[in-house]
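What follows is a set of structures to go through.
After this come two complexes, each holding chain A, first together with chain B and then together with chain C.
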Partner chain A sequence: MSPKLVPYALLIPGLIVIAALLLYPLFQMVVMSFQKVGLKQIRPKNPVPAEWNDFENYTTVLQSDLFWTSLRNTVVFAVVTGALTLVVGTLVGLLLNRLGRAMSTVVVVGIMAAWAVPPTSQAIIWKWLFDADSGIINWALNLLPDWLSSLVFGRSDWSGQPWLNEPLTIYLVLVMAVLWASFPFVAVSVLAGLKSIPSELYEAARVDGSTGIGTFRKITFPLLKPVFSVLIVLQIIWDFKVFTQLFLIAGGTNMPREAFNLSLWSYIEAFSPPPDMGLGSAIAVVLTVVLLLITFVYVRQIVKAEDVR
Partner chain B sequence: MRISKITVATATSAVLALSVAACGGGSSGGTEAEKPSESASSSASGPQYAGKTLKVWRLGAPNEVFEKYMNDLNGKFEQQTGAKVELTWVPWPDSQKKWTAALASGEGPDVTEFGNDQVSAWVAQEALADITEVAKGTPDFQQIPQNLWGYETIDGKIYAVPWGGGTRAVLYRKDWFSELKIEEPKTWEDLIAAAKKIQKEKGSDVDGLAFNGGSDANMSLSPFVWSAGGDFAAFEGGKWVGKLTEPAFKEGFQFYTDLVAKEGVSGKSRLNLNSIEIAQRFAAGKVGMFVTGGWDIASIEEQSKGKIKADQMAFFSIPNKEGTGPAPAFQGGNDIAVWKDTENPELAAEYVKLAAGQEFGGRYAKENGLLPLYPDALAEYANDPAQKAFAETFKVAKGFPADPQWAEANDTKAVLQNAARAVIKGEKDVDAALAAANKELEEILNQQ
Partner chain C sequence: MTPLARKRLAKYGLNAGAIAVFLFAVFPVYWMVATAFKPNDEIYTTEFMPVPLSPTLDHVERVFTKGVAGHSIWEYLLNSAIVAVTTVLVGAVFALLAATAVARFRFRFRTSFLVLLLIVQMVPAEALLIPLFLMVRRLGMYDQLIGLIVVNIGLTLPFSVWMLRTFVAAVPKDLEEAAWIDGATRFTTFWKVLFPLVAPGLVATSIFSFITAWNEFVFALTLINETSNYTMPRALSFFIGQRSTDWGGIMAASTLMTIPVLVFFLLVQRRMVSGLVAGAVKG
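Let's look at the complex of A and B:
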């Protein structure tokens, strides 16, 4: 074999795995999104052939009221949670860099424990914290002095306050749950980046009389930009497709429809009886396209700015 | 490269989930096919179906009474046919999901229990076998009155056998009623008054009369609507016409949403619980009354781990508005059906014949807290004080729109549950919410 071909030959096993596990299902999803596919079509015994249905799934998606609320929920959630995660994560990363060895270990272990909690448990923990009757949040709010509570929230009695009825408060709880579990990853990544910045730069800055914020803006941030670029893309992707936490916090398939995001809506259409996998696939394709567009625009900007080598 | 790979991975994770369902079933064909030859050799010595196994799905949560019944039934079946039974209990709220998975994977039951109002939806998915011949050819089944085969007969073919009749009544804490000197409510006003009294004495986190907003919410809503003279939809001029905006429906719906919104006899934070979840709260002493079926006494007693005994609970018929008698409640019932994908249709039919026959069919209804379908047993029932609430309601019971799409409106799209939540949360007034729900209901019922 010519030496030129060796790298390609070595790539083949990996490509086969990706093709079988990722590309084929992706292809299948796109095909299904153009067909009428339900239980009758996918059953292994006596299936009915799937029929092409002239973009009907897509027109249904785009004409549905649920599309716009789901899209809004998806995008707003991703922007808010992504931004908060990066800000909190960066601050904690900076803190970790300043702490001594022992203290830093304690904090890292603590936040990594939160990161390691499985999404199902995260959701249930936060759901219980916000329980209307026996949740600690309502209990704590009731402990506030009445005048303070009335001043800030316009009310003093929080007993039985339902948090998981309205989309807005559902998403408030969801943002906290997801933020709680995802900032540690950002913090540790930022810490790793900080360790690689030569300390001479900071010494020079100090000699020139730079303050904390100035140093961050002029030295830390520019040098960490490649780290942030990757983190932002990852956060966008992760927060766009949040499913488990929303599903559990909002109460499963019988959650208020105004609180759907695109992945949950796709799931409900595809799997709730009577299942309409064609429609579910069409929603998933729309979600994928939106995500690809955002990522594409963002990555292009990074490449243009030559941050990624 | 890295970035694009991540993106592809993300996009595909959704697809993976979709395709997993499709690939489960393929391999089983081989092993199933070998079984008949095995049994053929043994049939010379033992009963006809020795060595075979029949998969049976029962719906609901098992408790001692049901387990004993199933043991007796399956023991008798094994004795008669030589085949073993593999029993699985499926909780009611999960049943639709389980059937979906069963069809998608090909790994379904051979015989399954069914809610009679769901039969047509699943016949439309080609899930159930045509058992017209079994139904017509079994002498026992001929004793089941003809008017009780309505849900099971579609285009002249029979797809399920009625097993027990069910309707809904109010399950209440008998001990609380006597402690607080509450009389059995005879009007809607009485209901509210009783619920308020319970809440006042037992704590604000107790639901006096629990609001059901879950998958089976319409079982609780419908008595109030029907009692006011309303209905969900009517088949007129070849299509379904929604009736949700009519004043009578509105009156019942208003009363139902007011349980939470105006009267506050059920907690505002619990707008999407189904009857199973309410029963769990009942078992924890957090509910005074709720609408459910007779089977709940046994399961609540077990769930409460002895805290709430059977004699602390009882049923009364949901009263009509004026107090002249019981309100019409959902005329439901459980069926037993043969799964279309079964490898052993004859054996499955044998099981249906035995289970729904006079002996085990009668016991099934009695021990499940359901109404028996055999005339003799039913006559016996009317004299039993514990069953009076159901027997009386059954006389005036009604059904939901008989359409395969009803299940979608009732459960998946949760049309009325969403409307009720919008009203309770103050997002819409009753008229606007019902107008929107009516439009959606018509769309769902009339789609092809």
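Let's look at the complex of A and C:
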């Protein structure tokens, strides 16, 4: 084989996989979003060819009240969880950096355990913690002095309090579960970044009389900026399309419709009878476009930082 | 306050914070394991039972013998292992070839390929659910593990190539050139020189793919129908649909599913960060 052809030959298997399993489906998704793809079109025996229905799917999406609730749920969840994860993760990263060797190792192993739990188990564990009858959260809330509990929450008896019946409390549990599982990654990344900052900089700052917050703002934050921008985008990608945890915490296909986010809404339209895959695809297109717009920044950052050229 | 006292106080504060973080992270995991070993009267109670007072293997035994959804959990663990291991083996070969191409050669479209790799990683897999479902069904792979394997290979490949190329690039080119001069063929050079040096990176990348495929839930939910073809995450979700949840059983099954991931996580924790944060963290 001519040496010029070698790299192409090596790339072929991978390219075929990416083209067949990612690019072609992406194209199909866009095509289907302009078509009527219902039960008649997808039944195994003599299916009817899909018909073009122009923008009908998109107008249905935009006119549905589920569009606004699910878009709101998607965006608010991603912003709240992303922000909380970054703040908690950064604080833990800063803490880890100042701990002694043994203590730091213990905490890193501990947060690693939370990080390692598969999404399915994350959902199940937090469902159990927030269980109405035997959950430990209700038990702990009952421990609060009555006056404090009534002052803050307007109630003092938490026995049997159901958390997973309405969207707001479902999302509260979801935020906890996702925050718990994703702050370790931020913490460990921030720690890795902190370790790479030369200690002379901090000594110089101390000599110049700088204090904690000032040092963070003037030295730590600017130097860690590239780390933060990558972390922010990764959190957005992960939190935007959260499916497994929401699906399980909210109770599967029977969950309240007001608790849908975009990816769940798309799934339900496409796979719950009667299946409407055209509408499902249109929702998926909306989700993908929003995500790609946001992550464009990340791609540019990496293309600049890495030796892609 | 004297500076020494303040320093000591700060140290106490830091350690207290560290303990709080540790408890927040570990308690839910501990609670899962503890519940798996508690008898039912210690589970369904409004009291706080910090440790199993009379630990029992009932739940673990039950998920193996009586099983979930009509099958022993062995079958689901086996299905999950088949899917994850096959995904890793096939994916590793494809990824190694592609990573060698981008790390060792300069050719047209190289940059385009790398940018393509990045962009496809941004596309949410959940959005591809509908077309992939139709494709898998058209190929006659619906409700079969092979359908899940194919999808998982597609989902893990872009990241595997992205991660592996840095490992290939880290092997000094001189070694291969020396082998060339000594008259080795291109294949021998690859197999005897490059491969052994890239092997650790290949292991790390494979562990990543393994965890992704082992944890995968959305496609297992959509592409699998028969309970005998369920993977572990899908079998776990079966508990959730029940009217009253068998918390002991679900926690036992959940613990069994988490153990392999936990072990692998501790093995690759360092690469985890450098792989994901790519060029941003220098150090």
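By our rule, the second predicted complex is superposed on the first by the 271 of 309 C-alpha atoms of A that agree within 3 Å, B and C clash if a C-alpha of one lies under 4 Å from a C-alpha of the other, contacts with A are read in each partner's own complex, and residues count from 1 in each chain.
Just so we're on the same page, a contact is a pair of C-beta atoms (placed from the backbone, for glycine too) under 8 Å apart; a residue touches a chain by one contact, two chains touch by 3 or more.
What you are looking at is a predicted structure, and each value in this text was computed from that prediction instead of being measured.
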For this session: Could you say whether A:S156 touches chain B, chain C, both of them, or neither, answering first, second, both or neither?
Result: neither
Problem set entry | Touching partner for A:K241 - first (chain B), second (chain C), both, neither | both
Exercise. On chain A, which partner touches more residues: chain B or chain C?
Worked result: C
For this session: Identify the partner contact of A:L292: answer first if only chain B is touched, second if only chain C is, both if each is, neither if none is.
Result: both
Exercise. When the two structures are overlaid on chain A, which partner does A:A116 contact: first (chain B), second (chain C), both, or neither?
Worked result: second
Exercise. After superposition on the shared chain, which partner residues are touched by A:P25: those of chain B (first), chain C (second), both, or neither?
Worked result: both
Exercise. Between chain B (first) and chain C (second), which, if any, makes contact with A:G38: first, second, both or neither?
Worked result: first
For this session: Check whether A:T169 is in contact with chain B, with chain C, with both or with neither, and answer first, second, both or neither.
Result: neither
For this session: Go through the superposed model and pick first if A:W126 touches only chain B, second if only chain C, both, or neither.
Result: second
Problem set entry | Touching partner for A:P273 - first (chain B), second (chain C), both, neither | first
Problem set entry | On chain A, positions contacted by chain B and by chain C | 21-23, 25-26, 28-29, 32, 42, 44, 131, 133-134, 159, 230, 234, 237, 240-241, 251, 263, 266-267, 270-271, 277, 280-281, 284, 287-288, 291-292, 295, 299
Seminar exercise, completed: Touching chain A in the complex, chain B uses residues 2-4, 6-19, 21-22, 25-26, 96-97, 99-100, 103-106, 121, 124-127, 204-205, 213-215, 267-272, 274, 341, 407-408, 411-412, 414, 417-418, 421, 425
Exercise. If you look only at chain A, which of its residues touch chain B in the complex?
Worked result: 21-23, 25-26, 28-29, 32, 38-40, 42-46, 131-134, 159-166, 230, 233-234, 237, 240-241, 251, 253-257, 263, 266-268, 270-275, 277, 280-281, 284, 287-288, 291-292, 295, 299
For this session: Under the touch definition given earlier, write down the residues of chain C that touch chain A in their complex.
Result: 14-15, 17-18, 21-22, 24-26, 28-29, 31-32, 35, 43-48, 93-95, 97-98, 100-102, 104-105, 107, 110-111, 113-120, 122-135, 137, 150-151, 153-155, 157-158, 161, 186, 214-215, 217-218, 221-222, 232-233, 236-237, 239-241, 247, 250-251, 254, 257-258, 261-262, 264-266, 269, 272-274, 276-283
Exercise. What residues on chain A touch chain C, complex-wise?
Worked result: 4, 6-8, 10-11, 13-15, 17-18, 20-26, 28-29, 32, 42, 44, 92, 95-96, 98-99, 103-104, 106-121, 124-129, 131, 133-134, 136, 138-139, 159, 180, 184-185, 188-189, 192-193, 195-196, 226-227, 229-231, 234, 237, 240-241, 243-244, 247-248, 251-252, 263, 266-267, 270-271, 277, 280-281, 284-285, 287-288, 291-292, 295, 298-299, 301-303, 305-306, 308-309
